[in-house]
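Presented sequentially are two complexes of subunit A, the first with subunit B as partner and the second with subunit C.
The block that comes next holds the complex of A and B.
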């Protein structure tokens, strides 16, 4: 995230573009840079306000959240909300919800990486009959809104007796059903020079060898982006788990979060927000760990040859 | 790259095959299986609600299982909004749980589509229920739902806030004119720091009660509107001079305060709504005490009030364990110990055996006492609302809020709502 904020670290090059340094005094230069930073900081504050509000509210008593209280500050800051949030819901501990979310998210990442990369290799590098038709069909699934397939999918999994297991949520990931990721990788592979596989084939490598030794290492940026997105999507998924999971012990975090707010009874906003903060941490960590690879990927992609 | 013609045909093929899959359905079996203590049957029970309800329900299930060793109950829960998404999918897939907590607004919809079991065909004791309440779970002679508990409409107020302004507490014997004057007094005496109330004419049920006070039906037996556009105009004109004054909180403010209510945020002194909101309001506002009085009426003998099931128990039409499901429902609505577990968190227990077996204290007692105090005014509960009622109720609120905003005149608002309502009723007919 910090690396994105390049405009604030005004580099000498950028300044040269903006004005001629010879015609201005050092004082004017400093004034301009001060104004720039003040404006930038003010904008950052506006953008970050919702996040700050969330963090501040996590420490506030319930009666001071929302409604007529718009201030970030409170005289009653405490960790009570976190204590309530960690107590869990209906006899299921919050740790259990975290574990479930993590199992689902990591399962999704592993499944997507394995299946999408293999399928993408087939579409990008192997000529087989009906390739363009299959590719078109795969793209067509992108155009189908999820809501159209909910009921047929539910019937299939229900008849197979797989409701209330993680299978309906994960099997699609292991079968490259996420056409978006396959498409992303196909496009990436098409940009890799074909001479590389030709050279490998001349050396006697088969598809398996070309895929594992040539393609996979070169595809690292695409694989990283895929992992990040599939992790975050799975972590935030609400509808899938809602429909397929029945036992509260199997619920992931997004389902648990909703249980704090009930329109028909009293709502515990404080605990919900505290748990939201906790739920954001893994995503944030995952992003921070992998974001340098994205940046790396973008910079290496430019170097062709 | 992709050939465009190929692409379009394959997209069409893909979509069509997915649509074909949706047509598959399932049959059903109706054998009523029973279990024994060594080999118990397992029924699924699902409900919506928060942590507190989950805790109480778990206790009730444990008690049921200890008294009925031949039945195991597998309980699960979600939040209210997700609950109905999930039920819709399950109903389409033929996999509704055996026993479900239910809301009145969805009863006719699922009942008419034969998704729910006719509970008059199984053994559930309803002797301890008010006769005026049971029709609310019945459609065309079939009993689809048994009320667990009731709620009634009321005017909430915060006695401390009124005392601070030097305003006498309302008695609940008031006409609409007196109610309007009361709201104005709150707004004026607090110099705008405290509003009288939200625009009470935006609440569908309040309108429904006003219609009953004037002996007009909200819906006819064949599911059409029972009132005219002029009735609606008259209703929306009741507080006409109050909108935009401190008597009624502006719609902008209400939106800013969401998801909390203006009353829960200590922005208004009164609110008209169901009496089971007490616990939520107390928690949100931090007030020490809130009180309830009956709604205004221009006819002191007809307050238009009724008991509404705050929730019902239903069973799936496709359950394999009819007998076990019936025994569980009977236990949940009648057992005094269950009443003691839930107190008023589901509403005031509907069954007299359950109500008598429960000790009510503090807030619980306030709500129970309120329902007792209006007993003489209660009339038959309305039939389950028409299909699509939820949409009608939402659009009523939306149109009324446009009216409050000043975007619509009363005439324009009545026209707009009537058009939506008539279209919707035609669609569902």
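The block that comes next holds the complex of A and C.
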């Protein structure tokens, strides 16, 4: 995506914007650095406030949330809201919703990894008639509003009797329907040296061998970012489950949350927010653990969050 | 997919005799389509097929139970007499027009702030990115609704400064700013991409400009903006397309109704309600195709105008 091929880097500290090393004293430098940190920290506080407010509220008694409390602190912190939240809704325990979300997310990861890597190999490494046309179409689907296809898809799945199963939610993952991941892997594979395939061919390896023993191991970073993002996207997906699932026993967390909101009608704010925290927990843990991969993945591949 | 040793021993295609070359091409063609099969199947069954059938359905009356009835352009013409539809267009357009530029401006400003060798850059970058990862989730929509609720923490915080806006969630005049704040809050994803772009700008350009006495404003307009324009273009395109498709937060915050007074009736929410609550599948398909056409035209405009403001450096491909 970055098209500026001009060589970068001269002297390291000249990178700093608007900063001329010759004309500044050490004092001015320190002052600038202080201002930078003050501004950046203030911004951090604003950006993180909603998240912190959510976590703090999950531990607060109802009376302290509903009554407009801006403070992040309370003298009455407790786990009560989580106890209520774990009981679940509609006779289904929250643990069941967790399991459902997990099944869907892991299915999405497995399906995406398998289908996207195979298809990307075809685009990146095999010359065949029609390749560039299909590649163009794949790119076009990146920009396609999802809503153009949901109605006919729903009709087909309904006629096949597959509504209220996980099939409509997972089949696209096994058919590389998330073009973003195919694109990401194509870009990655194109940057691997072509001599690798040539050498393998000379040794008599076919495409299957080249793909499994050369490409896949080298593609690890792309496979990891794909796994992380397909997990998180599936975990947060709401529209898909909303369209296709009817029985609460099959609900993943986002849908369960909506049910919870509907049924409690804001009477139990604390439990509602506690459940929101629980629903985000895996994503937050993922983020803390894989921060580097996630942010690097975004900056090099332009992945959407 | 095994190949005979003689066949694969050729090292360059140009020197290999014709029969071998064409045989290799045959192998490649077969292998190519075999490897492409998952995507190709998905493309036909989940994208092209549904697109064609939704185009057909958009000219029919279809409620999912009775066979579709051909009504020509009726769905399209009645769209423009449907007040709720026109309202949903207005809501969505104002969201895209105000939300996207604000979000990108915030992203660019913060990226420029962070583009330095100072310590803590990695921390700030991660902290600012976090909302992008969770912003579209149901959990955050619930939190947003609670925070912006009548006399919620945001209202309270503002009244501390003597500002009284009359609530957000329940006030039709304030729901749009609330949604715009939600999208601006997720400035992290485009920011990270801007930051990667800024790091590619050669530092000697800024040095030379400083020597010539250029101030920060001139440097921004004469160096940063043109050098960054391909990245700005990419972010603008992606964010615009995404903004048109906002659904989750609209659905949760308005309880799936688009209220109060239709002020949160986003296009996709109305499409969903038409299709899956009223079972007017033909009507909803017409809406979907109209959205596709509008997004397509917008993409084209962004691409076309990009020729005049996006600069690719000479030695790039």
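Here are a few things to note about the model shown:
By our rule, the second predicted complex is superposed on the first by the 229 of 305 C-alpha atoms of A that agree within 3 Å, B and C clash if a C-alpha of one lies under 4 Å from a C-alpha of the other, contacts with A are read in each partner's own complex, and residues count from 1 in each chain.
Methods note: contacts are C-beta pairs under 8 Å (C-beta built on N, C-alpha and C of every residue); 3 or more make two chains touch, one makes a residue touch a chain.
Values in this document were obtained by computation on a predicted structure and should not be read as measured data.
Of the two partner chains placed around the shared chain by superposition, subunit C is the only one that A:206 touches, whereas subunit B remains out of contact. In the superposition on chain A, A:141 makes contact with both subunit B and subunit C. Once the two complexes are overlaid on the shared chain, A:193 sits clear of subunit B and of subunit C alike. Touch criterion met: A:272 reaches subunit C, while subunit B stays clear of it.
Once the two complexes are laid over each other on the shared chain, residue contacts for A:239 go to subunit B and to subunit C alike. Of the two partner chains placed around the shared chain by superposition, subunit C is the only one that A:127 touches, whereas subunit B remains out of contact. The partner of subunit A that touches more of its residues, comparing subunit B with subunit C, is C. Touch criterion met: A:119 reaches subunit C, while subunit B stays clear of it.
In the superposition on chain A, A:91 makes contact with subunit B only, not with subunit C. Note: residues 67-69, 137, 141, 143-144, 148-152, 154-156, 158, 238-239, 242-243, 258, 261-262, 269 of subunit A belong to the subunit B contact set and to the subunit C contact set alike, using the contact criterion stated above.
Those residues of subunit A lying in contact with subunit C across their complex are 1-20, 33, 36-37, 39-40, 43-44, 47-48, 50-51, 53-54, 57, 65, 67-70, 114-116, 118-119, 121-123, 126-129, 131, 134, 137-138, 141, 143-156, 158, 171-172, 174-177, 182, 198, 201-208, 211, 232, 236, 238-239, 242-243, 253-254, 257-258, 261-262, 269, 272-273, 276-277, 279-280, 283-284, 287, 291, 294-295, 298-300, 302-305. Within the complex formed with subunit A, the residues of subunit C that make contact are 1-3, 5, 8-9, 11, 25, 27-29, 31-43, 45-47, 49-51, 53-54, 57, 64, 110, 112-118, 120, 124-140, 142-144, 146-147, 151-153, 155-157, 160, 185-186, 188-189, 192-193, 195-197, 199-204, 206-207, 210, 216, 219, 227, 230-231, 234, 237-238, 241-242, 244-245, 247-248, 251-252, 255, 268, 271-272, 275-276, 281, 284-285, 287-289, 291-292, 295, 299, 312-313, 315-317. Looking at the complex, you find that subunit B touches subunit A at residues 2-3, 6-7, 9-15, 18-19, 21-22, 24-26, 44, 46, 48-55, 57-58, 74, 76-82, 85-86, 89-90, 92-95, 97, 257, 259-260, 264-267, 276, 279-280, 282-286, 345. Of all residues in subunit A, those touching subunit B in their complex are 62-63, 66-69, 89-91, 132-133, 135-137, 139-141, 143-144, 148-152, 154-156, 158-159, 163, 238-239, 242-243, 246-248, 255, 258-269.
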